[in-house]
Amino acid sequence: MTLNTNLKNIFLVVFTTLILSACSTAKKSGDLDGDVYTGKETVKYLASGVPDRVFFATNKSSLTTASRATLRKQATFLRKNKKLNVTIEGHADERGTREYNLALGERRANAARDYLMTYGISGKRISVISYGKEKPVNPASSPLAWSQNRRSVTVKVN
Amino acid sequence: MTKSLIYSIIFHSVMILLTVLSLPFMIREPVDLPPIVSVELIQISDKTNIPFAPKARKIIEETKKKEEERVVSEQAPPAAKAKEKPDRIPLPDEDKEKKQIVKKKQNPEEIEPQIRQSSEFEKKEIVDTNQIAALIDKAKEEEAVKRDKVDKLTQSSVKNSFATGLTLSEEDALRAQIFGCWSVPLGLPYDEDLLVRIKLQLKKDGTIMKSEILDHQRMNKPGQKFYKVLAESALRAVRLCQPLKVPPTGYEKWKDIQLNFNPTEMLKG
Amino acid sequence: MKKILLALFAYFILSNSSYALIEVDITRGNLDPLPIAVSPLHVDTKSEQDDNIKVKELGNDISAIIEKNFRNTGLFNPLKKDAFVQKPDIAHLKPRFEDWRLIKAQALVTGKLLVKDGKLKVEFRLWDLTAAQEMTALAFTTTPSNWRRVAHIISDKIYERLTGEEGYFDTRIIYVSETGLKSERIKKLAIMDQDGANTKYLTLGNELVLTPRFNPTNQMVTYLSYFRNMPRVYLLDIETGVQEVVGNFPGMTFAPRFSPDGKKIIMSFAKDGNSDIYTMDLETRVVERITNHSSIDTSPSFSPDGKYIVFNSDRSGLQQIYVMRSDGSNVKRITFGKGIYGTPVWSPRGDLIAFTKVRKGRFFIGVMRVDGTGERLLTENFYQEAPSWSPNGRVLVFYRETKAGSKGEGFSASLWSIDITGYNERKLKTKTDASDPSWSSLLSK
């Protein structure tokens, strides 16, 4: 009987340690959702409260919920500033072949552009350019840096 | 009572069996088999197995790995439809061309709507059962080809040792000597079966009286540059090696000797 | 009956006493590089001075280049000169074969040169030392400033005589020179001899340039330039320096390459998030669309006969390699291995395709047969890609990038070469960091 309670205690200790360790790893990757960057470290602002960039998962160009929210803010901002034109720069991390990354960057920029257009921004006001892996915002070779580099950035042109 | 009877019967029958079996053996023993032959046979299996054993293991490991890879496919959930049915045919076929154009040249009107769908971006690797089957077949084929090669080589070595008038240790000594002299031309294509046969006439001390490349006319034919390079390297090897390590006796047996230079296995690494 | 038996008996005895021809299979040899002695070329005493070259040193300099070329192949082992036993001039006339054999050389290169009336005359001989005979001999006349090329051409001739395949020494490599911090690289087109000599810059570094490739005659280069912030494929005449944009596309064109006849450029054009493959005829300016698929189709490369195109596409969801006929029909996927595959390049021999593979976060350069079978991974690294073939299809050049620290420190890009056997991996010396190499064909052809 005492043996049984002892076992139970050990099991409980192990279980709580496991839960705690799971907590700590979750904290470490706090700026990542899957491998999409969710932090604010490299973000600039088109206007107060309007982030200029959205982030993507590895090899993907689909927009996350957070990205869509950001782009809706951009669309509102662009609707208010009717004379403003923008360029969307598409980027990829350094973990792909150069030529494919150019195409991927283009695809990401267009994903953002398409979303802005569905919110009533004329396609004529938005040009796109892809830099592939050529212009990393974070030059480090780490998963965090790569997630910050997988981005499309809306830049004012006039 | 019955127990001891059974024991006794078993014991006796075993004894009888032993004598029956051992008697003919006792009779046979004086008949002498040439011991050299048996020694040679053992060495052959040694000789032929050792170099290929690591290779065979490698093949097995490779196929094992392949199988593992096939089971655990990194590529995510199978999608509903396969857009491109992958074909294992080496290259697009002339005959099929027209049909294929109709089938494969994607119609812009058909594709256009898809581009706008955001789900397009979420595309996952499509796992097609046909494709997996093709993969398995491919692996089998490769294995078979590899096995074939090994078998062929084993056979040829066995055949060779029987045909030769040298004992295996004598032959090995010669092989080992030439091994050191032959700089294999490393630039040769590894996937071409090149074989150069040189016929030598030797003096008693192992120096070369005459060397002749069988089918030497091939050397100067256009498109046979690799053959020529290999033949020249083989000639360099025997010249560098001379006097060849030949047995002290039996000159008549080895005064004419043919060396077959085949670098294929080595170039494959 | 008795007679027949007797005859049989006699036959057995006779056949036993006359031995069958002994055959010995030689399937192993020594895989060390071939020991070769490259004697300095003898400088003719009648040679005149030249303003730009140290004529006296030329014999040594040429033989040094030949030696370096040979050593870099991994197939030859040039022996140290201090063990040489004969003076260059005498050796060139008639070597004492026994003496050269003593230093374990199997082949010997000798030569002499003469500079006169503004001309450089060079002749060389290749000797088989074991057979005690000449294998080949040639003489060249050129302008003295061309002396390095003469050394490369001699290397090519000897290489061809000893290996049975064409050499690759009289060639150039075009690449992207990189300077500056990782996040703000300055990139210029640069060209150099295969051995790293004669580096020249073709652009100034004002705009980003990527992926240069030679045309078959090595006079033109096609590449991607971000001139005026519009990424487009350009054409550059190396001799005249004239640049022009290729085609009139309403978006990014990239990943250009010449067709084997040099008449067309094949490239990708990206529009609305979709990249497809196009060709443009350089004479007629006719543009043809080759692929039409909602996926990314890029990195196209023609087969040497121009009949097929290999490219990478993510139509299956991940980057894989496909082959099609040059009109875009009959698309077939050829890679099915785990991981992603990119940058396929058809070998000049036509039998292999080189590629980049990414698996479990590691980058590989590999080769496979044109149907996708027989995959062989040659080298693994943190990051490497974009192989380009030597003209004889024996060596690949590619670029590698190192892992950077948190501030981008420790980052570098460099050119590497490797044999298709997977041996002989070497770093190429470049004046700056370098990427995107493209190997020319033989210049003297």
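Order of writing sets the chain letters: A, B and C. Residues in each chain are counted from 1.
One rule holds in what follows: contacts are C-beta pairs under 8 Å (C-beta built on N, C-alpha and C of every residue); 3 or more make two chains touch, one makes a residue touch a chain.
Please read these numbers as outputs of a predicted model, since none were measured by experiment.
**Student:** Going by C-alpha centres, which chain is most central here?
**Tutor:** C
**Student:** Consider the two chain pairs B-C and A-C; indicate the one with the greater count of contacting C-beta pairs.
**Tutor:** Answer to which pair has more contacts is B-C.
**Student:** In angstrom, rounded to a whole number, how far apart do the mean CA points of chain A and chain B lie?
**Tutor:** From the centre of chain A to the centre of chain B is 53 Å.
**Student:** How many angstrom lie between the centres of chain A and chain C, each centre taken as the mean Cα position?
**Tutor:** Their C-alpha centroids are separated by 41 Å.
**Student:** As a quick test, compute the distance in whole Å between the mean CA positions of chain B and chain C.
**Tutor:** Taking the average C-alpha coordinate of chain B and of chain C, the gap between them is 31 Å.
**Student:** Using the touch definition from the top, which residues of chain C touch two or more other chains?
**Tutor:** Residue numbers touching two or more other chains: 272-274, 314, 318.
**Student:** Residues of chain A that touch two or more other chains: which are they?
**Tutor:** Correct list: 61, 107, 111, 114.
**Student:** Can you name the residues of chain C that touch chain A in the complex?
**Tutor:** Answer in residue numbers: 181-185, 208, 210-211, 224, 229-231, 251-252, 254-255, 268, 270, 272-275, 296, 298-299, 312, 314, 318-319, 342-343, 356, 358, 361, 382-383, 385-386, 401, 403-408, 411, 435-436.
**Student:** Please output the residues of chain A touching chain C within their complex, sorted ascending.
**Tutor:** Those residues of chain A that touch chain C are 59, 61, 94-100, 102-104, 106-107, 109-111, 114, 129-131, 134-142, 145.
**Student:** Where on chain C does chain B make contact in their complex?
**Tutor:** Chain C reaches chain B through residues 19-35, 73-75, 106, 128, 130-131, 160, 162-165, 272-274, 292-295, 308, 314-318, 322-325, 327-333, 336-339, 369-371, 373, 394, 421-422.
**Student:** Which residues of chain B touch chain C once you look at their complex with the stated criterion?
**Tutor:** 51, 69, 73-76, 79, 83-84, 86-93, 96-97, 100-101, 104-108, 111, 114-115, 120, 123-126, 131, 134-135, 138, 142, 153, 156-157, 160, 163-166, 171, 174-175, 178-188, 190, 199, 225-230, 232, 234-237, 239-240, 252-254, 256-267, 269
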